[in-house]
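First chain written, first letter: the chains are A, B, C and D, and each begins at residue 1.
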């Protein structure tokens, strides 16, 4: 970098602190909200950019460590910035830059009183995520991890007057806390009783196979809860819609990725000695999560809930990648393992970008129309063309369509899963193809899902009269979306460059990267294993299509003509057509509901034929509530009911307790 | 291989395929007519249709968005690229590395998404209906297709079509049970993807049955022409893929002129047979109800996955 | 072997103490309960004196005096005044019927002896069995507190427990240091004063001293 | 000398307020006295930290780094609580819940109470320790029954009887201890002095000490509120005046636990086994589980947090029981942060209850709108007590859990479940109190919330940065007892 005096680690520590500072300033500026939106958030965005640069820089640089003058007596806060942390800093900075820009416009018309606090929580949230990524001891990690949960909780409950938001926040924090306890216990397993909680010490711990597996399961559970893995995903579709859209974008785009980071850090780095059985666990759960998520997204008609479910799906896909790489590493095929890990990391980055973009788009819609229910939208493209374009890019990207970025990571996943012949265990060899099939299915379903979203929301005609004509998003907001849209293109068109960086991460983490010939094939051709085996060049791809399109256009215009008449759409011989006759989002999800009926818990109310004003209502619910969570709640209530008998008011009985306790102990002591 | 030869071959193949694509369609229709004891409109009919359409004035709904107008071109471009990649005449073309089988499937998906979006753009109930059905077909057909191709690429340890064709074509013949599964699955996908009976009926506009036609109901004139052309290209591409994977013999390597005439002959022969077969199939089978379609394609998906599994169980 | 005379005396007193404890456990009438309590105090004083005399532990005389004042004179007097003030003349009704209580009591005594047996052989003091008896009487008074339903009788049980403790202190260890003795005495005094105050409040709040009025605070 | 001051000032205050406790300026006197005590305690602490333990008044008083830090803590919380009780009791008075005489009783007893606790902490004589505990019980009984409502009387009565009986057991335990010590140290005063006992703990008779510990544990454990001896605790906390709930939870339980730990040290020394530790772990764990599951049934705010005190006492007891430098360190830290946090919570809850005129949580809503400071105080306090970073409670729970995972893995599932359930219960009840739309009315006097935020700030600090001298101090203490 150009200023050699500064180390990456120093920058990585300083920038989040600046964030917190900005937040405090924002709190101080509560009187003048204009300044908060116009100054604090853009400044925060700049910090994000700097942080992204630091991350990129750190991926190349050797790991740097530092010790902060705080923390427990034996345990000052350790921070360390290695390639992996760098990559996630890049992710955090890159995405939060766009989101902060958007937020600068989005929060303009939140009432001034809340704004200062909002700014503080927002920036503390960002800062704690940054610290999670660079923390190098269990204590700092846990602190920042929970502060992240806490800050986001307060953001989720910003509109706390709404009962649903409170419920969402509660479930969110509860799941997060229980997950955190799991992580805590995992650290407990790793650390040897002596008070040394640095990651070096945890790395050094020798574990019996049983305890290693226990640690793995605890970590997987803990981080899975945060990532929204099945069956711990329930908080996600509640919390994301409740939060203000930029925050949803951050939570879905970045926060879930910190969970992925934690998983990789703990499992690959701290526990080490990966087993393929672990990998299989991750793989299968990932597949289940992915399929489940997208199916629910397809039947959802609340835009932000839909996006949340789709996040569940993408987390599942990332887990599939991690699982593949663990399986390969566990059975001694480091190169394939590296491929899987690269796929996972790349998908994490992609998902962060396009999901951020989509949530921002949803936010723009929400702000200009006040709508979240797809069934009430329609024809927004005419009112907010820029948003529509950005959203289109996001939708194409998430549907894993070439030449955008979503496709690249999915492509890598498939390549990784095609390495399966190397494996020997027949179980795995027959399971991996099935997972690949599930992955393919998910990809296609995602396409369907986002055709539904885009077609219903932006295309067609307005389904209902709005109070005010929808306005195009403000300049700040468009800037934010533009940034992420460009990122989608860049990551889609120049994957090789990014993958080169991620390869360094792999080298640093598991000591192996892609083969030389793969790296050798140049920036234009992406060939993870060997160009004879598989190759993909998005640029050529795009150029050819563009060229053909242009050519055809010119030729057609030249040979024939460009005459055009405007008319009403053909009414199919039924003149009284109204916009309400368009298919609704529910209608679009109908085939899915029918085909995958057992997955859902569908409640329908079909009116009788002679009903004067018939009303058809239907709701799709998550079986997990009834199968898992409510029973647990009931069990707790039952137990507490019985323990409550202890406290039944009679002093004689209380005396009896202590008497019996005494006798029992005396007998015991004898 | 020498670049110049490669480029020439590339251009040659693309142009050729683009030109003969409607012919294939015409041939299929003609065969079907014959099989059904009609005279048929002749195999040049598709060209006449295209010419007529190009001459007409385009009619566009008032609130049609730019996306609606752009879609035909994008569609056409995608299909062109597809046929450019698939080794119809020759393998290892310069474009080929740009997209392997996965990207190819992605390419078709891209086209599908755009055409569905266009179908929803006007906001008539027909368009949306078509789009929904199309995506319903697609979300099962696409993975099935992918699995089919994976079976092939597992055998040849490669996902690039060129390599697949080379490995399958240039080595002595032996039997792959997995490929049998794959072949059946592929055939089913082909029927579904190209809006043929039993999934869809290209020659009706009956709302109960139509899928593809419903989406493009709003298109007219040059746009419609491009879409039709793209459709025929798609059919050709699929047939070509089928040929390349299951009967890859006789495909020339890029740049060797000697093999070219033979390759051309082989290609035409294969196409004729394939078209006839397709027509036969369509004549023998009946259009199925729309909600049987998922079952049909689900079967295809299962078969394809089974193909992969059998590959692991039997062939290694 | 033949114990020295004062040791026999102390054992006798110990036995009396236990006997009195049983008597209290079985006693139905509250007034005689108080008298029994006073008697127990008296026995305690005597045994303390004997110990003091036989072992020349002079500070035990003070504690004997203290006990006399507190347990034999003041507390019974306070209790009597209370009863008169609250004019309660009722019989003590128990939660468990008396015979059952007695049986449990016997079990407790056996248990206490077993408990104390290993310990008391370390006792360098002249009296071995007393620790067991002290323990027994403590447990018995505990049992009494559990089984009685009236606030007053519970308090008496509490004080009887105090007696047992005191007996243990004197006979087994020749008494605690004086400062501690004083502190304990003070606490007992203040405690029973507070009891007194409480009786009035409870009385005027619940119109009775029956503790089953006080079962409102509970988990429901 | 400081020790005299530390003990003398509260007594003086008690007597003084016994006369003037009903005057208008009485609260100020109360606060002032507590402040003086705090200063004295500070001086004492400084001295101990500077030049080691001291032993005075024919060795009847002994100050080492273990109890001096509790002394400082006690004095501090007593002071902040007196600050809080100024407006609180005034409001109660103006609501007509109290007569001036009661107020006098309250103030005087408040001082006496802090005296007894300091005495219990400072004395070296386990006999006097017992006396002080009993005295503390008596004073608090009067305080709990202050309102003279049926409920408060019932609570006080139960408190009185249960703790009285418990302490009787403790006394018997003390006697047994003395009985055993006498053999070694000979009759007379020294046999009750902890320092001497500590020196000879090796030669004390094991069987006797085992029994003694059982009695001591049951006795003082009742006061700590270990299940199943905890039944008095929620009633007393819920029915007494809030400042008293604060000091009960924040201080008295600590002092009782202190007594248990002191005796544990001796017994462990004598037995050479982990007998006492195991007992404590068992009781601690049981308390945690029981309390956690009872939490979810509460409707009364103060009862809720009373049970949470039981839970945390259980955690501390468990940690002390595990023993070892790290666990003991954590337990001491937990003691500190729990006192601070819990008293802060009670302050906030007290004012919240006054504002909405009820302790029933269902009727307290939207504090954050009606009074943001109380709302945030309650919210942050609850989060802190639930072990959310970056608050100090998390720091100690972090160490305890990790050590437990290593030393006693069998216990961790219980802890995990209990902490989860406790979180769901408390947070699920606090959130609607804080958020939502408000139900509250104006108060005649402005509430005193400085203590709340002072406490929370300190807890926050302890979570992020433990000053070295404090750490050193904990470490010494941990060595002493661990």
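Rule of thumb we're sticking to: a contact is a pair of C-beta atoms (placed from the backbone, for glycine too) under 8 Å apart; a residue touches a chain by one contact, two chains touch by 3 or more.
In this text the structure is predicted, and so the values were computed from the model without any measurement.
More C-beta pairs in contact connect the chains of A-D than those of the other pair, out of A-C and A-D.
With each centre defined as the average position of its C-alpha atoms, the distance from chain B to chain C rounds to 101 Å. Computed from the mean C-alpha positions, the centre of chain A lies at a distance of 70 Å from the centre of chain C. Centre-to-centre spacing of chain A and chain D amounts to 44 Å, using the average Cα coordinate of each chain.
Once the centre of each chain is set as its mean CA position, chain B and chain D turn out to be 78 Å apart.
Shared interface positions of chain B, defined as residues touching 2 or more other chains, are absent. Among the residues of chain D, those in touch with two or more other chains are 157-158, 161, 165, 211, 234, 294, 297. Across the assembly, chain A contributes 644, 646-647, 651, 655, 662, 666 as residues in contact with two or more other chains. Pairs of chains that satisfy the touch definition comprise A-B, A-C, A-D, C-D.
Those residues of chain A that touch chain B in the shared complex are 378-379, 381-382, 392, 396, 399-402, 407, 411, 414-415, 418, 420-421, 426, 429-430, 433-434, 436-437, 440-441, 443-445, 447-448, 451-452, 454-456, 459-461, 525, 527, 531-537, 540-541, 544-549, 552-553, 556, 559-560, 563-572, 577, 579, 581-583, 587-588, 590-591, 594-595. Against chain C, in their complex, chain A makes its touches with residues 644-652, 655-656, 659, 662-663, 666, 670. Residues of chain B that touch chain A in their complex: 54-55, 57-63, 65, 67, 70, 73-74, 76-78, 80-81, 84, 95, 97-100, 102-103, 106-107, 109-110, 112-113, 116-117, 119-126, 128-129, 131-133, 135-136, 138-140, 142-143, 146-147, 150, 153-154, 157-160, 163, 207, 217-218, 222, 226, 291, 294, 298, 301, 304-305, 308-309, 312-313, 316.
On chain D, the positions that touch chain C within their shared complex are 60, 125, 127-128, 130-131, 134-135, 138, 141-142, 145, 148, 150-151, 153-158, 160-161, 164-165, 168, 171-172, 175-176, 178-180, 182-183, 187-189, 192, 205, 207-208, 211, 234-235, 238-239, 294, 297.
For chain A in complex with chain D, the residues that touch the partner chain are 69-73, 138-139, 142-147, 150, 157, 160-161, 163, 166, 169-170, 173-174, 177-178, 181-182, 184-185, 187-189, 191-195, 197, 636-637, 639-641, 643-644, 646-647, 651, 654-655, 657-658, 661-662, 665-666, 668-669.
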